[in-house]
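Two complexes are shown next, each including subunit A; its partner changes from subunit B in the first to subunit C in the second.
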Partner chain A sequence: MNQTAFLPAPGVRPSYSPSMQLARRIMRNLPALLGAAVIFWMIVVAILAPVIARYPYDQTDLNAVEQAPSAQHWFGTDALGRDMFSRVVWGARSAVFVIVMVTVVDLALGLPLGAMAGYFGGWIDTLVMRVADILFAFPGLLFVFFIAATIKPGILAWAKSVGLGDLARSGYLDYAVVIIALGVVGWAGLARLVRAQVLTIKEREYVISAHAIGVPTWKVIFRHVLPNSIAPIVVALSMGMGDIALSEGYLSFLGIGLQPPAPSWGNILADNAGRYWRTFPQMIWLVLIPGLVLAAVVFAFNFLGDGLNEALNPEIST
Partner chain B sequence: MAAFVIRRLLWLPVLLFFVSVITFALGLYGPGDPVQVMLGLHANPETIARLRHEYGFDQPFYVQYLNYVSNALHGNFGYSLVKYRDQPVGKLIADRLPVTIQLNLLAILLGVGIGVPLGLIAGLKRDTLIDLAIRAIVIAGISFPIIFLNPVLTFIFSRRHEIAITTAHLNIAIGPLLPMVGGQWDGMFSLKIILPAFIEATGVIAIMTRQMRAGMIEELSMDYVRTARAKGLRERAVVVRHAMRNALIPIVTILGLMLGGLVAGSFLVESWFGVPGVGALAYDALFSRDYYIIMAMVLLIAVAYVIANLVVDVAYGFLDPRIRQSG
Partner chain C sequence: MATLLDVKGLKTEFHTQDGVVHAVNGVSFSVDEGETLGLVGESGCGKSVSVLSVMRLIPQPPGKIAAGQVLFQGRDLLKVDDEEIRSVRGNKIAMVFQDPMTSLNPVLTIGTQIGEALELHLGMTKEQARKRSVELLKMVGIPEAENRLDDYPHQFSGGMRQRVMIAMALSCSPQLLIADEPTTALDVTIQAQIVDIVKRLKSELGMAIIWITHDLGVIAGIADRINVMYAGFVIETAPVKEIFANPLHPYTLGLLASIPRLDASRKSKLTPIDGLPPDLIEMPKGCPFYDRCTYRTERCANENPALELAAVRHSVACWNWQDVQKMRGAVLSKVV
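Moving on, here comes the complex of A and B:
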């Protein structure tokens, strides 16, 4: 290893030693790295859930109820003798699926609507922003629960009417309910952000010159304006994914989201928190483990978003 | 300036119209026919039809909506269908509102009292271990699900703990440090309120810390700070008298917006701790499909939020001439 490579050029006095600089860089990015690692593992677990889980998530075993963590049941078993490790692992798959789908809905609505509002202004801008205002006026979680509770019977009835009764009974439609309820509310924030970004970018010289040389408008938006406004959007999306995970947990906790036996960290908490917390303090892992897993995932997304914010935001990063 | 205020005031009824239409539609087309809920599963179809007619549920949507709105404007938000059978929703909410407002007020006070100093320190000590630790604490605050904090903090603080050290023949019991509310509300200055208020405050702490940290970093990089330093002011004076004051402006804005949220009870917290507030009422209503209560709650919160927003915007318009022109 050539030591001189790390020395500063003659005459330049660095404010920090190279190792100190490296330490600062890592320190600044440590939370983001940690977050990224947790998210990576969650995705791996979600994809490999059938391989990792040692029992089906809904297999009950009445000979082994309320067991402490052991070699057979790493996270113990719940009141129905379901293996908690398997339920938590399958819960990762539910969480990843909901997070990805809600983010896709938010992007599909928020990105084009926000970009059009910011770029064209006029009545499109008024319309989109006023709709966003209306959505913002509603009380967040209560509104999502209200929507989910309201659309659910409709979606189930529709599925039965088109001959998908099995699907309606299977519980898979609960995912659709959660995704629609969160997506309907979630896009407005993204649209506002995209609009604000586009408003500042569209006056830049390179956008004006792109117009001048005859680039079509849609191409200007998608090739020049949006890529340059991506940084805060990525940050918002990352933090938003943590919120989606939390909201799915709350919805399922309240029995409006994913229903047992479908695995969700929220409904695992609902199954166990009320039942065990006060009467059986020795059963705390039934609450601690799913709760900490959900917290860790939300933590990870927020850490990643926070780290990205520090790294991408030119105003704060010196 | 007048035009700005008038524009905002004209938008207000339009916004409230859409909010109320959406709320009413969600309530009307939601699950659980109110008449079915009232009469039970084995009601005779004729009675159901008669009652539906009596209550006006067989009329077209816009007629029902107009009835609801005109009643609501007279202070009648319908009647509870299930748990508080036949009690007026307006009174149910009004009775519980003071409790929720006290709880939320304490949560906001806690949030500001903890969050602003934390953000100040993090902004001053940027990129040090202290900054990293504060950021981590703050993110933890918004990351722990309430449904997790509720049982865990209850377990730690509101249970009797017996610690037996057998080798030393010691048996120590630590009683419940903080009592649960359990439906019995003793006002704002009882020990019971601390735990629910703290759990509600975690989000406020996060928002305040983040805003204060970003504000301090931004203000400290401004030219006027360099001038203040250049003319030989002590660092303490630069930070406290110049940078901090300006960094506090957005905090005041956020506080203004939060005042609109005072009437929104956190139903996960209130129901767990047995706080007899509007959040617990909404929680009950959501589960028993008591839709008039939920509709009234959603409307109340939306109106409070919209008005708080308007007040903040107008106040800003008065204070900051730049907004008047662009708004």
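Moving on, here comes the complex of A and C:
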């Protein structure tokens, strides 16, 4: 008699963690994947800027001004003979640094303040939300311009008083100005979002259940409430990073952000647009390239944000 | 046997925009070591709020424990500081909630969640907690426990999740397990399994249980004693056999009469209790059951009866319980 040929015993079904599921959903979403690729590329360029750039970003060469793109100068040179490719590459480092630092400031202020306001309510809630309301009452960019344009003398004086005069002259303080101006305004939106999330999550049974097994309050907030509120926060942060890149561009374009020769896509644009707009379309690439790069980065963050939104909330997929 | 939990005159209220909701109005009960107490009553009668008050899990505000004592092993839990109550929660008193679908944190694995109490109260390392979690999952009858430890709640069915909740609750070998309608959200066959698991674990571990339910059928098989609650009062308390054989409060009688029976004739209808419980914001000054009672007298409208001893270990809060005892024959004949 023949033995029945059974199939091999079933294996243990793999269990997908939420982050693996998220990655899989992003991989299937083309715009989000493109966005992630652009952002990844920008970060690589920012980190490797000294290797990738072929000249120092501020090296002038008066024998080679206003050159068209060529093998020596891929994106051409500007009126002072600075290599445009190198400046754009170094600009990525400025952009990434500002984006990361402003996001850190937003998170450091918005996450704990919003979580406390939502979880404890009472006077903490009133205080945090009224301050946020005040920040919201101003048109966003106007307030950023106001801060950026007014805090610099204060920061300069402070830097000199603590013996950092060299640093003050070197231009690094401009980064602080931009980060503070964007951070001071940016946390309020995040705090509101976190508060709204915490308000709904803290009533969930698993939060009461965590209290019922004796978990301390701060641990309940950080282990049970916040991780369950994270989806819209991640989406808002991703979209927000695009906004930060754009705002840094605005500030530097208007001359109250990063100052030349510090490389910023905003001040490169301002520099060249101011010089060549009369003779349009002469030297058009000097304006077009930093503009397109900045636009690509802003779009990338927004595509990724949209993709994250769909991946984290599958029920609203369009 | 020694008294484990002694609740005296507990009053819990909620301050809302519409007024003060008197959810629990001076409830007293006690649980002996190893005893199973059933808390029975309809929705909103204060069952859950009284046990949440015992654990100090009432959200404050709007909730407020206005009066009373909760003596657990002689210590008043309403007076100890936050750190001390946390060392009691999950460690000496543990709780299983009604809806297993929402009582587990969706972003943490089952292993992490069971391990949380072990690491917190017993000071175990992650490794030790993992080992113990596997034992606990086996104890509540989850197959392939080692493999399931890294699964997330959504990968479990409702009945399995309730087993996980029970495993979590029992992780630190509590002296008192509070089960807040643990079978209500489950279908009947799973209900029976959960009841069996709890009964078996009780005989193995010997903890006391407070089992909240509105299903007298479930409680009959598991409780030693039953407290019937209505509108925030305990209106009758007796050993479980006594409650079924000799119900003295008209409300208890009504509850028993409204249980569907398999052996009833197909034409017979269920006997509901007419009307609704009183508005907990404007409590009547007399008996809270007055509006719905078929045994009411003038005295009931003006004076709220306190619990009085009617038989051995059997107390009832009704002015007319002796009349109920004489007249209930027709109702009772349908029940037993």
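Structural remarks
Here is the rule we use: the second predicted complex is superposed on the first by the 286 of 318 C-alpha atoms of A that agree within 3 Å, B and C clash if a C-alpha of one lies under 4 Å from a C-alpha of the other, contacts with A are read in each partner's own complex, and residues count from 1 in each chain.
In this text, a residue touches a chain if its C-beta (ideal position, glycine included) is under 8 Å from a C-beta of that chain, and two chains touch if they have at least 3 such contacts.
What you see is a predicted model, and the numbers here were worked out from it, not measured in a lab.
The partner of subunit A that touches more of its residues, comparing subunit B with subunit C, is B.
In the superposition on chain A, A:A210 makes contact with subunit C only, not with subunit B.
Contact with subunit B, but none with subunit C, is seen for A:L246 once the two complexes are overlaid on the shared chain. When the shared chain is aligned, no partner comes close enough to touch A:R195: not subunit B, not subunit C. Of all the residues in subunit B, the ones that touch subunit A in their complex are 11, 14-15, 18-19, 22-23, 26-27, 29-31, 127, 129, 132, 135-136, 139-140, 142-148, 150-152, 154-155, 159, 214, 217-218, 221, 261, 264, 267-268, 282, 286-287, 289, 294, 297-298, 301-302, 305-306.
Within the complex, the subunit A residues that touch subunit B are 24, 27-28, 30-31, 130, 133-134, 136-139, 142-143, 145-147, 149-150, 152-154, 242, 246, 249-250, 253-256, 266, 269-270, 273, 277-278, 281, 284, 287-288, 291-292, 294-296, 298-299, 302-303, 306, 315-316, 318.
If you check the complex, the residues on subunit C that touch subunit A are 55, 57, 86-91, 94-95, 97-99, 102-108, 116-117, 120-121, 144, 147, 150-152, 155, 165, 168-169. Here subunit A touches subunit C in the complex through residues 12, 15, 17-18, 204-206, 208-216, 223-224, 227-228, going by the rule given at the top.
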